[in-house]
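What follows is a group of structures, each given as structure tokens.
Each of the next two complexes has subunit A plus one more chain, namely subunit B in the first and subunit C in the second.
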Partner chain A sequence: MSRSPTAVAQRRIQSELRDWLQHPPDGCKLVQYEDLRTWVIQLLGPESPCQPQLYTGQTFHLRILFSERYPLEPPEVTFLPPSPVHPHIYTNGHICLDILYDGHNGGWSPALTINKVALSLRSMLASNTDNRRPPGDADYCARMRGRSPKETRWEFEDDSV
Partner chain B sequence: MTFEVRIKKWHAVASWTWNAGDDVCGICRMPFDGCPPDGKYPGDDSPVVWGICTHAFHLQCINRWLQSQTEQKCPFCRRQWEFKQAVVGGEDESEDGAGT
Partner chain C sequence: MSDYGDSDYDMGGSDAYSSGGDDFSYSGDEAEASSPVAKGAKKSFVVLDKEELRERLGAGVSQVVELLCISDAEATRALRFYKWDLTKLQEEWFADPEAVQVKVGLVDEQPSTRRKEEVCKICFESFSVQDMACARCKHYYCKDCWRGYIHTSIESGPFCLDLRCPDPECKAAVPRRVITAVVDAAHQERYDDFAINSFVDDQRQIVWCPAPDCQNAVMSMHDQLGVAQDIFCRCGNAFCFNCKEEAHRPVDCDTVRKWMIKNSAESENLNWILANTKPCPKCTRPIEKNQGCMHMTCSQCRHEFCWLCEGSWAEHGERTGGFYNCNRYKRAVDKGEVDEQEQRRQHARQSLERYMHYWQRWAENDTSRKRALRQMEAFKSETQELISEYTATPVSQLRFITDAWMQVVHCRRILKWTYATAFYAFADPVNATKEAKARLAQHQEFFEFNQGQAEHYLEKLHGQVEKQLNTFVRPPPSPPEGEAAAAGSEAAGPSGRDQQGWAKFREQLIGLTDVTRIHFEKLVNEFEKGLDEALKEYDVPMAQASTSAAAATAAAAAAEEAAAAKAKAAGKAPADSRRITRASKRRQGPVDQEQAAIEHEAGYWQCSHCTYANEAMDSQECELCSQPRGATR
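Here is the complex of A and B:
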């Protein structure tokens, strides 16, 4: 369990919060940020440029948990259940997306913001045409019960979805 | 007709800014002309540095990021990070250093 954000992290989170409230990204709404450390974002299912429309009209909720070392460390980002059905999103809300993780081939950078993360996730939904869970979904969820997706050793190989 | 003007006292006023293109540091998101969250004073105590990729950050911020990583990459473009040498007194100063 990570401790609460340091002063450095808090000021950065406050600055992002200010930017977000002034210019919220398309289809996203911040519904909780009281303690600054945990944000909940409502994500409107995007319209897809192609058929089938898998998420249009649905809403999802993203939970953002900032660690004390943010932005040197990525925030923990998960969907609150029910999570969207997608080949890179597990039933427990864990998301296989490189920018959400650091270390071993992770793609997190401190230049990323929650705004950009939310947009990436919406576009990940918009471009999907495969109405399926990742392979091994049930096993993974059973194994990870109550644990952070940051403990998973992810392999990011498929950029097409 | 001529006047003789004698200056008894004068105040010099100067302003400065870091010539970094962006307004805020991409790591702490605080203004370049201010200081990073753990810095005390703006200016020389909170210097702005450039990578050879031309991206700029507060020195404290980029150092903290590089120290936390095994690979030394620019947070913006992910190219190998190398500090760009400052050009002192050269004509390139407007591009590479702090305006005064």
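Here is the complex of A and C:
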């Protein structure tokens, strides 16, 4: 009686898509979803409540890749270049945010949705005042060339930025 | 146990092992055979197999469930949070229940849904509420999604024990009934294993047995954790609760650690250096001579010397035998002077030698222990059957042999560690007062005497069980034909004489096992108590003991008399009436008049070898150890 994970993923993605198209989150626009497994979301740079305004007026593109085990497994979420300059976002688009990863220190939950993920990322940008890349950015990008951010062992120690 | 007086000698009643807690079953022969510890000694640990651990864990959880009226999952989580310390959890809970609930992450029960259908928040499909499950938070998910969620969590490690409702904002613990309702058997087992691991790993008083294939855990009831405690697991492994090294009572964990580090760093090098080098007579650096003549030049200090006699090369030449010989050395050998030179050389590397002395004894006992262990296994698997057949003794009655082997193994280990501890305890003290040095010397003498005693009996026991036993591993000589005919069958028992020998062997072995055990217990206890204390008990004034042999003998005689009197009162053999100086043990010759009078009055004579009280007054051989009467140790 157990459904195959692919069918579950398929149906769940369809429901999310339906939901998204009816109530898209603020500042986000789905620009590509023909292949149900790959979405591209256009993210409008949020207005920051504090100075300096780092992202106002810019647009970024998020790529979402759903695996067959979605939603038990988190989707792979990266910024398509050019990625926003942020102490938790690498030049290659990899994002250090706990809800994007599972495992023992990851914060992914199957009850999260792309809608919520997109909102979290926007608020992550909105609250940032530090116009820098993460330390070791160049090294990391060279090492990770072409690989998934899921292969990285992330340490999510800093929630303030 | 503080006293090894006369009355302990006959301990070993049916309740001898009872103090280890009700659940430590000693009836299983494996358990008993693997615990050659003091009979009647306090057992302060419990061996727990997986099933027993599961029971204890379950009992702990249900206790909390009843006490605090929370679900099993919450109880597990709360216990985990407090490292399974029920008392602490209880205290804090009753002091401030809300604070604990927040800390542990427990949520209030929410009202159930009134609807018949709910949307699963994971697959976004509608299900009848009956087909869904939820925690106290009443966030409903369908069973398939629960299964996927819980399986994924179990696969990612022990954190599945803190599993929460999938809702990212919700902290509710996933109840056990949800888990058991949806997961498959393999995942359930992994989950239970994680719970047991946590139960063991998070509690200081429970540890895993470190033997490679053993799955038992051991719970210590010792009031003081963090000190050495010998544990005998049912698997046969003996280890220290505190440091997980091999059991090493009476030595403390620090000494063991230091010793092991020293061994790993030095033993191999030292062995080689001692075997292959001589120190330069001038600068004492070790020199290897791997070729060439006897004319050596130290590469470090450029000192030139003769390899054989170690004298300066300036004194050598044609007249002393040339480059390949040394007359001085030859003469010295002939006159027996070489010993002195040897001594000088030893002095130069005294510390190395000292270490080697203790290391070799440590290592020999270790090897001996391992061999004994193998021999015991061989006995159990092969020899036992044969002996049973040849001596017409049921296997169940051959336990005394396994016991003897176990005693040997156990004692070899104790002995081994006494050498490690002696290396540190009796090292030459730097800047010590004269008195302190004297006291240390006295301690050393006392310790070595006890060690020597214990070792002596161990050697005897080892020899007996190793060699004597073999004489019974052959068919008994067939009786004369007439008798055989009379018996009418080949399977007739062994001849009377052989049977007698067997009975005697049995009696001796049991006696020796006992005596050895007593000596080792004494050694261990005295060391643990502190040698000062132990010496005091002999009531021998310190100065006298070390300086005046006569006084010591007198004191010892008094002690012996007291012991004899006590023994008489108890009607048992005195376990120990030993003297503490070497002077007294050197006493030789036939039993003197006074001694004879005392013995006559007492109605037995005490074997000077094993202290057994022989009641056969005219016998010249000890009934227990077969040593001639009046023989010296």
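Throughout what follows, the second predicted complex is superposed on the first by the 156 of 161 C-alpha atoms of A that agree within 3 Å, B and C clash if a C-alpha of one lies under 4 Å from a C-alpha of the other, contacts with A are read in each partner's own complex, and residues count from 1 in each chain.
Just so we're on the same page, a contact is a pair of C-beta atoms (placed from the backbone, for glycine too) under 8 Å apart; a residue touches a chain by one contact, two chains touch by 3 or more.
Being a predicted model, the structure only gives us computed values, none of them experimental.
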Overlay on subunit A: subunit C relative to subunit B, clash or fit: clash
Touched partner set for A:Cys50, first subunit B, second subunit C, both or neither: neither
Per-residue touch tally on subunit A - higher for subunit B or for subunit C: C
Subunit B versus subunit C as contact partner of A:Val8, first or second or both or neither: both
Which superposed partner A:Ala111 touches (first subunit B, second subunit C, both, neither): both
Partner chain in contact with A:Ala142 - subunit B first, subunit C second, else both or neither: neither
Partner chain in contact with A:Leu72 - subunit B first, subunit C second, else both or neither: both
Contacts of A:Ile99 with subunit B and subunit C, given as first, second, both or neither: second
Listed stretches 116-124, 242-250, 368-376 or 548-556 of subunit C, narrowed to the one that overlaps subunit B: 116-124
Shared subunit A contacts, counted only where both subunit B and subunit C touch the same residue: 8, 11-12, 15-16, 19, 69, 71-73, 109-111
Subunit B contact footprint on subunit A (complex, rising order): 7-8, 11-12, 15-16, 19, 69, 71-73, 109-111, 113
Interface residues, subunit B side, partner subunit A - complex: 24, 26-30, 36-38, 61, 64-65, 68, 73, 75-76, 78
Complex interface listing, subunit A residues touching subunit C: 2-3, 5, 8, 11-12, 15-16, 19, 69, 71-73, 99, 102-104, 107, 109-112, 116
Residues of subunit C touching subunit A in the complex: 121-125, 139, 141, 144-145, 147-149, 152, 156-157, 159, 166-168
